[in-house]
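Two complexes follow with chain A in common, the first pairing it with chain B and the second with chain C.
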Partner chain A sequence: MNPGLKLLLVMLIALEISFTQSLIVNVILIAVSLIYILLHRISFKALFALVFWPLFPALGLFVSQWLYGDAGIHFAWILFTRIYAYVFLGATFTLTSSITDLALTLEQDFRLPSKFAYGVLAAFNLMPKITEEIKIIKTSALMRGEALHFWSPELYFKAILSSIQWSQNLAEAMTSHGFVEDQDRTHYKIIKITTLDWALLIVLFAAVQAMLYFIRY
Partner chain B sequence: MDNKVENHQQHQRQSAWNLRNIILIALIAIFCGIIFWGAGFLYTALTVALTPIGMAPAANDLLMGLWTMAGPLAGFVIRTYGSAFLGEFLGAAVEVFLGGQWGAGAFISGLVQGFGSELGFALTGYKHYDWIGLNASIFTTVVITFAWDIYKNGYGHFALPMIIGLFVIRYISTFVFGGLLTKAIVKLLNRSNAYNL
Partner chain C sequence: MTDVSITHFTFHYPKSDVKVLNDINLTFHSNHFSLLSGPSGSGKSTLLYFIAGLYPRFIGLDATGTIKFGDTDIKQVPRDQVSKTVAMMFQNPNQQFAMDTVIHEMTFVLENLRIEPAKMDNIITHALTFCGIGNLRSRVINTLSGGEKQRVALACIVAMDPPVIVLDEPFASIDPDSRLDLLHKLKVLQTEHGKTIIIADHDLADYQSLIDEFYYLDPKSHQISLLDAPSAQKFFEHFKSTQTINKRVPLPSTSDPAILNIRDFKLNPHHSILLKLDNFNFYKGKMTLITGANGIGKSTLFNALTKLLAYQGTISYDGKNIQKIRPLNYAKNVTLLFQDAENQFLNITVKEELDLSLANKFTEAYSAEDVQGMLQALDLTGRDNQVVYSLSEGQKKKLQIVEMLIMNPPVLLLDEPFKGLDYQSLQVIVGFLNDAKNKFGQTQIAISHQLSGLEALIDYHANFKNQNLTYQEVVK
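So, the complex of A and B:
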């Protein structure tokens, strides 16, 4: 499925189940997402992380609603499954789509200005370098006997200085490779939204509506 | 003549939303996203500690300020409409791609938090890049995100004192991280003349 439409569908459903209260629909969404992910052959480690880490917030919400909520244990279970529904719905997107394809389709099919699509993509591609840079900032501060934590203004200050410098360099590099803002582009890789994509979006979204309408528990 | 005026306006609009500034906002958001991701163990530890007494939602509120810091920071560095929203939203998107524990929920939280951040700057007409504007942004962030959690995390089903308690915790957290810490960072930036680089 087209990455842009897939993200749209995932966000629409996630937004909707934030307001609806159906335990069974939440479980169905988790199950369908899980099957979809398994069909794409993800690693056992990734699957374990998907199940394990959300357990903390889900359990936390469950216990607190159970002890102090006025809506009973059924509502506590809804919150518990809601967290997992978000995570598994999100995973159907993040584990099977690339951020590059997303940027390409947003630019080509959703009319996002190219400077946003490629600018943000360029920044996201620097993610490993940014992780490195944070380590460098912290280490060089340590060498001067200062420990920087997530509450230290200096850490963010230096991060912003690097950002200012890098953004200038990246923008200039892109311009010198022929990138011109707000000008029509030709594309090496063309991503289209097919009729099938639209049909899937409409059918799946309608199916969720029908389930939410008929399954009230 | 008319055409010229329009061109001029368009030029002014482009001057803020150019390629460099878009990359800059994205980079600031990613830096913040990665720093918070590193502090993710804190959230898990707090949740584990608070779950037995049923106060796990408080962990969410305690760290809210940290999660909503990218918005005001981006809003202060690139002083134009939309920058706080984009910064906050991208900051949340980073968490999704790093494999945070929220999944698609982080995208939606990012939209809500970004809207909250932006609203404060919008209400002050994008003119108050000072303590007033920052506090307006904090106020709208807290109110909007809390309203959202009343539905999403079921806060509406708690007793009133607990709801007020959670609100106060969230306000303090957002004030400390989004307010005091952001103010300290902006002060360092001002002293270094970094905006003119």
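So, the complex of A and C:
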């Protein structure tokens, strides 16, 4: 499915289940998403992370609603599954779509200005460098006798300083590679939204509507 | 034929009396290979960025005078035509790509130039083959070594096919084989494809037989002159002489106490082995100089020693595995003077920086008066309220060294500590380092390309070559 439409669908469903209360629909969404990502052969480690990390907020919500809320254990389960529904819906996109294809479709089909599409893509590709930089900032601070934590303003000051420098360098590099804002470009890989893509979007979204209408538990 | 002619070109920062470039008049001839040299920080990059059409746009400050390609002022070239006129290769291999993989970056470049998609495959294959990196086509750029990244950068330029190619210290962090290979590729681009090559470099190795013109940016007059053959010869010889010093040092004796021990050690950050050591010691209270070519892994070794990078094997400090020492405790004992001074700064003004070191110093070795004396000797006084990031590169380096000396760690790793320093400051700092070693027993391990002036400092010399580190008697 076209990555742009897939993202749209995931966001629409996620928004909708924020305002509806159906435990079974949540579970169905989780199950369908799980089957979808398993079909794409994701690693066991990634799957474990998907199950493990949301456990803390999900359990927290569950327990506080169950013990201290007025709406009872059924609502507590809805909150619990809702967290997992968000995570698994998100995973159907993040684990199976290429960020490059998303940028391409946003540029070609959704008419997003190319500087945003490629700017975001470039920033995304800088992520590993940012992790490295944070490590350098922290180590360098230790060498000056200061332990920086994620709440330390110095960490952010230095990180922002580096990002400004990088974004400048990146803009220069893109320019020297011939990129000009708001100028037409040719496209090696044409990404079109097909009728099948639209059909899938409509059918899946309609299916969720039907489930939410009929399954009220 | 497109000569690049520069007339009455002057650039200076506002609020500064010093002109970075002072009334430059010269012509880079079409189809010539021109080398522009001069000390680091003298303004070579600034000129190249203007030639490449990146400045004034990315600096927000204009210069006076003109830069013309043939008869056309670079400022009159429409923005979508600039890349068809001139392309630039940058110093930092890590910040010149927008996309994830080599092939994506190259298609991005060609799409920008509005090349027909049907022609792209051929252009890309040809450019990659020319640069000898056909096998890197689908690789993720972040996983490539510095040398490989610069080859990809050159492949992008070959695909763009502009008449003028500008390169800003492109070899600063790549290995000598890649450097030589890239230089020969540039020569082929000049002789067989009619390109005009303008390259800035302060490292003069390998250029003598390749270049047509040698330009020198004088750091005092801020002017560029074309050198005649005898003066060029002098520069090449002088450069060679700074690369060696005539000094013999003893090999470590077996009775020396080791402070850092490296065992069964392997370093392979880019899927290729940089360094392999069975058993290697750095010795307590000694100054060990590490020499070796660019980009072969010297700084990477420091990253492993400071736990910034994963490695295989064991590193022990004072007999204890460094992975078992708590981070703050280890950082206080084995401290790195970063190659880039800005990495060391945590605060905003000079005074805040010095106060932080005085407040957190690991020992009482230096008093506030000592620090004032050091600042005076380095001509850094009276700058208390200046923002550290606005200091010149040389001043940043001096401040950085002073604040790390104040910390007085038992082991100080120094990564190119003399880069960009004038000779007099270098001698003052050599004195400070000697004091730290002799009075406080500090162990120093330094990576340095600058050798002249260090004679009084070096106790041992370890050479990094062929993925190995060996102690040697001769320093060169």
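Just so it is clear, the second predicted complex is superposed on the first by the 217 of 217 C-alpha atoms of A that agree within 3 Å, B and C clash if a C-alpha of one lies under 4 Å from a C-alpha of the other, contacts with A are read in each partner's own complex, and residues count from 1 in each chain.
Methods note: a contact is a pair of C-beta atoms (placed from the backbone, for glycine too) under 8 Å apart; a residue touches a chain by one contact, two chains touch by 3 or more.
Every value quoted in this text rests on a predicted model; they were computed, and no experiment measured them.
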Using the superposition on chain A described above, determine whether A:94 touches chain B (first), chain C (second), both, or neither. first
Applying the touch criterion given at the start, work out whether A:178 contacts chain B, chain C, both or neither, answering first, second, both or neither. second
So, does A:214 touch the first partner chain B, the second partner chain C, both, or neither? neither
Touched partner set for A:10, first chain B, second chain C, both or neither: first
Of chain B and chain C, the chain that contacts the larger number of chain A residues: B
Is A:122 touching the first partner chain B, the second partner chain C, both, or neither of them? both
Kindly classify A:198 by the partners it touches after superposition: chain B alone (first), chain C alone (second), both, or neither? neither
In the superposed arrangement, does A:83 touch chain B (first), chain C (second), both or neither? first
One more residue to check, A:166. First (chain B), second (chain C), both or neither? both
Is A:186 touching anything from chain B or chain C once the two structures are fitted on A? First, second, both or neither. second
Common ground on chain A, meaning residues reached by chain C in one complex and by chain B in the other: 99, 118, 122, 154, 161, 166, 168, 170-171, 174-175, 179
Sort out for me which residues of chain A touch chain C in the complex. 99-100, 118, 121-122, 125, 128-129, 135-137, 139-147, 154, 158, 161, 166, 168-180, 183-190
In the complex of these two chains, what residues of chain A are touching chain B? 7, 10-11, 14-15, 18-19, 46, 49, 53-54, 56-57, 59-61, 63-71, 75, 78-79, 82-83, 86-91, 93-94, 99, 115-116, 118-120, 122-124, 126-127, 130-131, 133-134, 150-151, 153-157, 159-168, 170-171, 174-175, 179, 181-182
Residues of chain B touching chain A in their complex? 14, 17-24, 26-28, 30-32, 34-36, 38-39, 43-44, 47-48, 50-52, 54-57, 59-60, 66, 73, 77, 90, 94, 96-97, 99, 101-108, 151-154, 157-159, 162, 177, 181, 184-185, 187-189, 192, 194, 197
Would you tell me which residues of chain C are touching chain A in their complex? 49, 52, 54, 57-58, 79-80, 83, 87-88, 90, 92, 94-100, 104-105, 107-117, 120, 141-142, 156, 160, 306-308, 327-328, 331-332, 335-336, 338, 342-344, 346-347, 356-357, 359-362, 389, 403-404, 407, 409
